[in-house]
């Protein structure tokens, strides 16, 4: 066990810190997932590309920085400490679609798409979930029928974040008659193809990033298929986790910062009895417990990254981290709005200063984003602890 | 001793529920963050007034229907269950202040739905800073605490509208101002304590609605080839919702009946009702959204509106810490 | 809705209160389920019999008091307020075995057993659970084979409270070859019959009321069968709930009293920072929340009893009450030992003053007594809310 | 940066675990409330001393093995996991006090297992009233807090034995007395903070043991024809135990490594380790007993002994409220 960094790593941290300090946008990211948030997200991605920081976890062969795991960790730590923006509309391209292309796409597909993603020229979205196939992807029913050198797609996707502003979609469809995981195909869908209708769905935190996407005889060239037709499940499962869990450190440090801000706030803010909230033993201890929990999450993440470096494999902690983080952000935002008292009657979006109510409403999504917390518990119980399936 | 509603009390539930379904359906305001136009159609509000909803618990001698708090909670539970808009709670409390202060005409115009009342909650004990619900079309404002209750002219107060979490309620922040239009001490009429019970009744109705929405969805939504409600994680969450809903309404009934019977400790009972119902509505809201998964996070289903409403009502009259501190004072 | 009692009921309350005040034993019940606790429990039962209070919920035809539901409620309320003893070893006879006999036994069986139970002459125990058949009674494997006019029993029971001091047992055995609920028989077993071995099991709260009972060719006369041979499941399910939920009020008022005592204790007891515990906002609020929860439980019980009086049927609240009460006693005893700080290092049994650690350790049994809390949640989900079985 | 144990550190785990299984098996004291005879066989204790267990983290210059706190936590995690009896923690802390106070001979006799040390925790900040663990055969007593640490002669203190919840640890209450035999300030050696981490390591080991006991039972115990671990209610409880156990040990490792590296904020890290590990051990204990059902309530299985032990260690050195108050002081 060792918590020290090498001199080279310390120098790297300094370099990152300086660049972020000079380049992080001063203005807040616009909320509501309107065109201006797209422009904001792409501009920030382009700035990172221009600065030489695009795709910090992507291999250098594909235009990424190909940083070591420790360097990635340092990047994300400094990213959070610099209060750099949420990745927003660039998430799927950088963290999911791109890594899948790297793992399984043809050279033509890679050389066409990967630079666009890194340079912030395009937005990608994910087309996996369907009504009736959310947590259970093998139940996908959107169909693709081969007609000449094209796939003709009909069906519907849902919960497609940023579909209303995306150029491309990683689309998982059923092309064969087999059941469940067989007969699926992973294809790059150009969102400007005729026959696609996108309907944004408004959310309880006044966002509109989730969309429904309808496909009505949408014709996609077979050259857009990644891997083989019918091999979609394997392609979807092969998405490289290029970050090795380091990206999670940004979320953790962001939450740590939130807790520290809340504690500062409580030094002056008065509760219903007129005392500063921090003089109230209950609230002071709930804040302290939140601080302890996020610190422990930091330690688990460090251990997880250390294990990953040694074995080259993601450990069982991924689901544990997701589970704890989900519980923690819900608890923390609940605590914040309780402390806020009457101020919490007003809605303030989560990208603005004091956006506690926006954060709280957003936290309702933590329970199902990336699989429900129940499913994380099933995964831990079955895959980590070896308990039988129900 | 009988803590179940009488046939007459059950009749209130039925009448109110069918009126709300027909004239103020909860689904009317789905998919918008802030309801356009007035908070409630004034015509419908006056119809409710004509049905006696604003004077149900006011003594006949003071121009009311003369029922007890037990009957009023049946009404307010349905208002909560149905996510009804409109300042029913401040109208009922304000009318009591006017009536017990001897201002019969003012009371009459409030219970007729002609003069609208907003509900103010002091931001801290004894402070003139207040948070106000149902502020937009009101001309009066009722504020109450353990000591007593008063009506103010809204025009005399300095209020700034806010963008509310619950867009179906017009809200504002500001300070009380001007002389009181009418006031009563809590010995003459426990307006504050009655308000706690009625607000708790709305939260209990919301907790029940969330239970029913969650159970219904869990029974039909399928995953991995079976309804999600067959999974213990969902089933037990539903069971916990049922337990909280039962507790919230049972305590509301006890507190209301204790108040009607003049029991010694009805203040504590009311405080417990508000505390427990606030918690039940909040926790059932969280559970119901989670059971719904992603769809529950959207504005296309009802759960989120109960979350917004429960959040807002939990800040009315008295918050959790203040309620608990009443039950176990520090000295 | 109405919370008032009639003058007759108020007079009855006065009568009960006076009698209890004069007759409740002054000394604490001995802990540890040794012979002296048996003597204590039987003596108190006899005192109630002599005072005319035995079997307050039993019909008068069978020697009980046959009180109305409201009178029973009053009895249990006053019982708790008078700090009258835990029923202890008399539980099964009074609340389970006796009521089953009333429902299904022959006149000879009734006239022989019921008076002995009421007079505090005998202790009964329950022989239902087996290793492998705890929550799932239909899995019972202890066998009874008819040989002439006797049943010859072989097998094992477990979790049999007070078997080490009981004269009789309500014993559920498998007499047929059918599966699950069929082929069971409910029989009165004299615990002094040769072939019975009782082994007390010590528990984490230093009790020994749970026993294992082994049956080695135990011969029980067929005349001891209640109902018919093979009809045991129906007999077991027919146990009359004579109390209509009023008995639960004694537990609730006992817990209420415990909370009030703890609050009093906290006025003077100092926490680790030297302040009186009640000046600590966190502990004061946790105590207040416990007070609120037990009060709500009281209201649910009142509503449940009211519904029961109207319909004559137990409502769905039974499982809800059990669930909430289980959670509450666990949380309450946890709070108590936290408040106790260093004083909680010492074990003090639950029948003695200040027996918080004993109470806390005992609370671990609340999670599975009368079916696990998980099973209560299943029952609510399936029978009350109509959700599908897993 | 590497927060996984080195091969050498893993070797400590293996060695300690096999020694404990052979010489101090956890099952040895099942079914008794108070272990008869001495708390630990003095011969076995001296064998542990010969293996270097009591001086693992003491600098070589002061007669120790010269490892860091990171190596010590590997040992104490196994002591916790294995429910080892005996005053290992006070011996290690007491030896540091003697050694850093310049009393080399006293330190040597402690690390040799010849002089036994008891662990005292002040009942309140600054109080002389203490609770003492491992009191029976000890001649010295170590007491420490954020300011510093001291050894007292047990004979000078007024102690009354108590009937302990955890009968495998001899406990007493009383007051400190007499002059200190040796003392060090926390600037010279942070004895208290090291104690927090080592105590947390024991609790983390207990939390892991409870997870493993619970998972093993859930996998074999059948109800309604399938292992109970197939039910989500049990499976999710096991998952939560795993998450807590992972968190407790990860934080112990971080705190130990931070202390060894002289990091600024290692006091906070240690405080968080103790807080979180205390909670993990307690909650995993409750969960493990519940998973076991009635058998878990008896003394015939191990879970209850972890419950007793976790309860006892949570009261050593600093309790929950004090730990949290250190993290967020009121001013």
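Each chain carries a letter (A, B, C and D) given by its place in the written order, and its residues are counted from 1.
Everything that follows uses one rule, which is that a contact is a pair of C-beta atoms (placed from the backbone, for glycine too) under 8 Å apart; a residue touches a chain by one contact, two chains touch by 3 or more.
What you are looking at is a predicted structure, and each value in this text was computed from that prediction instead of being measured.
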{"item": "Chain pair with more C-beta contacts, A-D versus A-B", "value": "A-D"}
{"item": "Taking each chain's C-alpha mean as its centre, the one farthest from chain A", "value": "C"}
{"item": "Distance between the centres, which are taken as Cα means, of chain C and chain B, whole angstrom", "value": "40"}
{"item": "Residue numbers of chain C (touch at least two other chains)", "value": "280-282, 285, 374, 377, 390"}
{"item": "Contacts with two or more other chains, residues of chain B listed in rising order", "value": "231-234, 236, 321, 325"}
{"item": "Residue ranges of chain B touching chain A (in the complex, touch as defined)", "value": "31, 33, 121, 123-126, 131, 162-165, 171, 173, 222-224, 231-234, 286, 289-290, 293-294, 296-300, 304, 307-308, 311-312, 315, 318-322, 325"}
{"item": "Interfacial residue positions of chain A with respect to chain D in the complex", "value": "1-5, 9, 70, 73, 263, 278-279, 281, 284-285, 287-289, 291-293, 295-300, 302-303, 305-307, 309-310, 317, 320, 323-324, 374, 376-378, 380-382, 384-390"}
{"item": "Residue ranges of chain D in contact with chain A within the complex", "value": "1-6, 9, 70, 211, 215, 218-219, 226-227, 229-232, 234-236, 238-240, 242-243, 246-248, 250-251, 253-254, 256-258, 260-261, 263, 268-269, 272, 275-276, 321, 324-325, 327-328, 330"}
{"item": "Residues of chain C touching chain A in the complex", "value": "280-283, 285, 390"}
{"item": "Residue ranges of chain A in contact with chain B within the complex", "value": "129, 132, 134-136, 158-159, 201-204, 206, 210, 270-274, 280, 282, 330, 337-338, 341-342, 344-347, 357, 361, 364-365, 367-368, 372-374, 377, 390"}
